[in-house]
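The first chain written gets the first letter, and so on, giving A, B and C; residue counts start at 1 in each chain.
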Amino acid sequence: MLFKDLVEKLGQSVKSSSETPDLEISGVSAVLDSKPNTLTYSESLKFAKQLRETQAAAVILPANEELLAIAKERGLAWIVVANPRYAFAQAIALFYQPYKPAATIHPSAIIDPSAQIGQNVAIGAHVVIEANVTIGNDVVIHPGVVIYPDVIIGDRTVLHANCVIHERAQIGADCVIHAGAVIGSEGFGFVPTREGWLKMEQSGCTVLEDGVEVGCNSSIDRPSVGETRIGRNTKIDNCVQVGHGVKTGEACAFAAQVGIAGGSVLGNRVILAGQVGVGNESRMGDGSVASAKTGVHASVAAGQTVSGYPAVDHRIFLRSSAVYSHLSEMYKAIKQIQKRLGMDTDS
Amino acid sequence: MLFKDLVEKLGQSVKSSSETPDLEISGVSAVLDSKPNTLTYSESLKFAKQLRETQAAAVILPANEELLAIAKERGLAWIVVANPRYAFAQAIALFYQPYKPAATIHPSAIIDPSAQIGQNVAIGAHVVIEANVTIGNDVVIHPGVVIYPDVIIGDRTVLHANCVIHERAQIGADCVIHAGAVIGSEGFGFVPTREGWLKMEQSGCTVLEDGVEVGCNSSIDRPSVGETRIGRNTKIDNCVQVGHGVKTGEACAFAAQVGIAGGSVLGNRVILAGQVGVGNESRMGDGSVASAKTGVHASVAAGQTVSGYPAVDHRIFLRSSAVYSHLSEMYKAIKQIQKRLGMDTDS
Amino acid sequence: MLFKDLVEKLGQSVKSSSETPDLEISGVSAVLDSKPNTLTYSESLKFAKQLRETQAAAVILPANEELLAIAKERGLAWIVVANPRYAFAQAIALFYQPYKPAATIHPSAIIDPSAQIGQNVAIGAHVVIEANVTIGNDVVIHPGVVIYPDVIIGDRTVLHANCVIHERAQIGADCVIHAGAVIGSEGFGFVPTREGWLKMEQSGCTVLEDGVEVGCNSSIDRPSVGETRIGRNTKIDNCVQVGHGVKTGEACAFAAQVGIAGGSVLGNRVILAGQVGVGNESRMGDGSVASAKTGVHASVAAGQTVSGYPAVDHRIFLRSSAVYSHLSEMYKAIKQIQKRLGMDTDS
């Protein structure tokens, strides 16, 4: 693709330039492992060094004079945009077609006669679809997927290999369920008894609204009654656990290994970084953020960023954790002061 | 079902009342998302607000005057019991029949001729059962399950879709293995060498005693020699990792994303909350508890509750974590005091 | 096997002795759950008690006089070596043959005609191999594995049941991918927009070099451009998440439930203990170590051991965490001192 055509297709670009007329761009590559004749991108000055060494022919940049100067010095074609990552995502889509199997039903798939299958659906080898399942149009089901009874799958949704969809789950349109994920599994509901644990049957269901993604080997449990609900366009990474009865708003993002315990309610655009834990029945307001490894209890206000365990406001966490390394000397200093003042050092 | 019949079936109820004679209850629902004509429950005053707004027709309550007053005010039928969750679990079981496939063997299942299959067993599509496997009576094996050689599965156990049972594992009666779980996988046993890592073959096996549940995408490793053993009625949530050679007592409960490292020994009724880690060769006594995200090292006494990382007694953790937000001001105060006293502020 | 033959086969032994001439060793067992006539091992004085009670007939020991005295007292045959775990790993391999299916292709496997399959390959029931996949010689593919198009699998690699290998992944020779693991899945790449999240297509691939092991239900994502690369002989435990574009050196070891965020670069022989998190774009030098539950940000020097969150040098962590339990009394002491000195207790 010609550089100038590429620029045109990105649309949103502010300005661009190429020293080579009719520069041909053959693909996209990372600024770190760049390949000749490709387009790369650099989000910030953090990547200045890589930009100085890149073998790429063109680069997408933010409006940063220093980065632009490097690009010019190196003779790179450049595109300056407000959001380089966004533009680069668009550029990848110009060169890369994700793998999509043909819309055929493999003869080894076992489909219950009561299942309703939409138009133009791909069903891979060894897929199992149980009774009363409804599959929308243009759905892609990769090999080895198992769908329990009474499930509904919306249009254009993709189920990757060996994922499992449990009974009564409702998955919206344009969702992606990654390999090994389990949707609508039984919530962890046991009542302590003298003999051990009484199982509370999980009669509810899990609902994923449109545009939800669930990562590899993640699980979204169903509750004893009612529903677990993941809001529209929420994106969930790998090895995430969402407990029974959790409700999330729209466009949340949960990084890998996040765990959300039963009954928690999250607003819109809540972001949980890697390995965050959210305790039972917690509340997180719209746009709140928990940084990596945070343990959220009780409630987080809309727009607040929290960190640490138990979670505190992120600014307080930064101040306190900066002092953490000095705890031992603080302890000794207090003892010395107490001694100097003739105070009881045990109190 | 008539409310009065429902009350009778719960048996344990202390007292109950309904303003409507012959009130008909059509099902169960959550107090938050309640439906008309259903039975719900409220465990504590925490749910008073929901009780004021519920659309349910009847409610199970603890012996709490305030909740009871709300129920009476709202004209709800009510049941007061010692343990509302227990009674609600019983009520769910009166209305809900969990999905259970018919006791047939799907023709696409691949079963080694040497395997012994009990009476009344359901084996789903695309299941694979290898040599010398023994399956008890009334077992349910959902589609896509793979059972390696020499495995024993006890009566009435349920294996959910796409779980994997490794060679020599012994699974007791009345167990549930959820989708994607892996039982008896190789322990992470490598000996450091100059060249890298020497693999220690994992010749042992994993034993789950009767009534054990293992959540989705959890794994219970086998050891190099001897066995990993999960005690009777222990319940394990999703994405939990149990290392090689771990032994647990009876009726333990491990919440999601718990990790227990190799060789640890846990007593009876040990409770590990979400994302807890238990270090190698740790010991936890009967009835001990680790709160969410705790990192257990060394040993925890019977009955003790621990928190934090490294784990300390929970009461100490509460006191210390309450002060955590003040660390920065404490640091400054010490410096000021030292200055005032003419002490060296570096010590 | 005769004890004296066993000693000879271990080779590296320093010295050994048996009171019984022609002592027959029937197998290996754990020192804790030992069986008669077996060989066990004891790494350190920590296991002295078990050694006093073991039913084993012979024991591998380090050069420790106290342990040796116990063995002699008990009349056990003994072998003293520099590295008892190493010698015991060798001994297990003398008695135990891991399960390996026959090198046949099961008729239920679905293999695209364009796939190239090497010599002496075992392909289990219900395996799916898509277009343009290349499988080396002596590879073992257990039942239920799904391999997407354009994957390369090296010689002697073992793929356990129900694991999934995504498009374009390259897996070296002598690798082991455990049950339920997912290799080459889409990185979690979304660009925030006003409407929610724009998906960044993940056009890159995941490369595992020779001798890599990946544990059950772990996932190694591929990046938007370029590659995720796991260095030679790196061993990865269960439920580990490796993000898009991560690069690791050789012979690293990552314990269970570790998460490594996108773009991080790790040197050779980096060790991450259980539940460690490594933040985006972090750097860890050769031989660095993060202890359990550590949260690594920014960079860790070669050879350094870090702990805590945010990570600090391990020695500082030990000192600070030792004081953690005293935080509340420290706080009160500061207030008392301020009061005594007539200082403002709010500062």
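The definition used in the following text is that contacts are C-beta pairs under 8 Å (C-beta built on N, C-alpha and C of every residue); 3 or more make two chains touch, one makes a residue touch a chain.
Small disclaimer: the values here were computed from a predicted structure and weren't measured.
Engineer: Strictly by the touch rule at the top, which chains does chain B share as contacts with chain C?
Structural biologist: The common neighbours are A.
Engineer: Which is it for copies chain A and chain C: same residues on both faces, with over half shared, or different residues?
Structural biologist: different
Engineer: How many Å are there between the centre of chain A and the centre of chain C, using C-alpha atoms for each centre?
Structural biologist: 25
Engineer: Name the residues of chain B that each touch 2 or more other chains.
Structural biologist: 108, 126, 144, 162, 180, 217, 239, 257, 275, 308, 324, 326-327, 330, 334, 337, 341
Engineer: Give the list of chain B residues in touch with chain A in this complex.
Structural biologist: 28-30, 32-33, 40, 46, 83, 85-86, 88-89, 92-93, 95-96, 98-99, 101, 106, 108, 124-126, 142-144, 160-162, 178-180, 211, 213, 215-217, 232-233, 235, 237-239, 250-251, 253, 255-257, 274-275, 292-293, 308, 321, 324-328, 330-331, 334, 337-338, 341, 343, 347
Engineer: Name, in rising order, each residue of chain C that touches chain A in their complex.
Structural biologist: Listed in rising order, the residues are 108, 110, 126, 128, 130, 144, 146, 148-149, 162, 164, 166-167, 180, 182, 185-186, 188-191, 193, 195-204, 217-219, 221, 223-227, 239, 241, 243, 245, 257, 259, 261, 275, 277, 279, 281, 293, 295, 308-310, 312, 316, 319-320, 322-324, 326-327, 329-330, 332-334, 336-337, 340-341.
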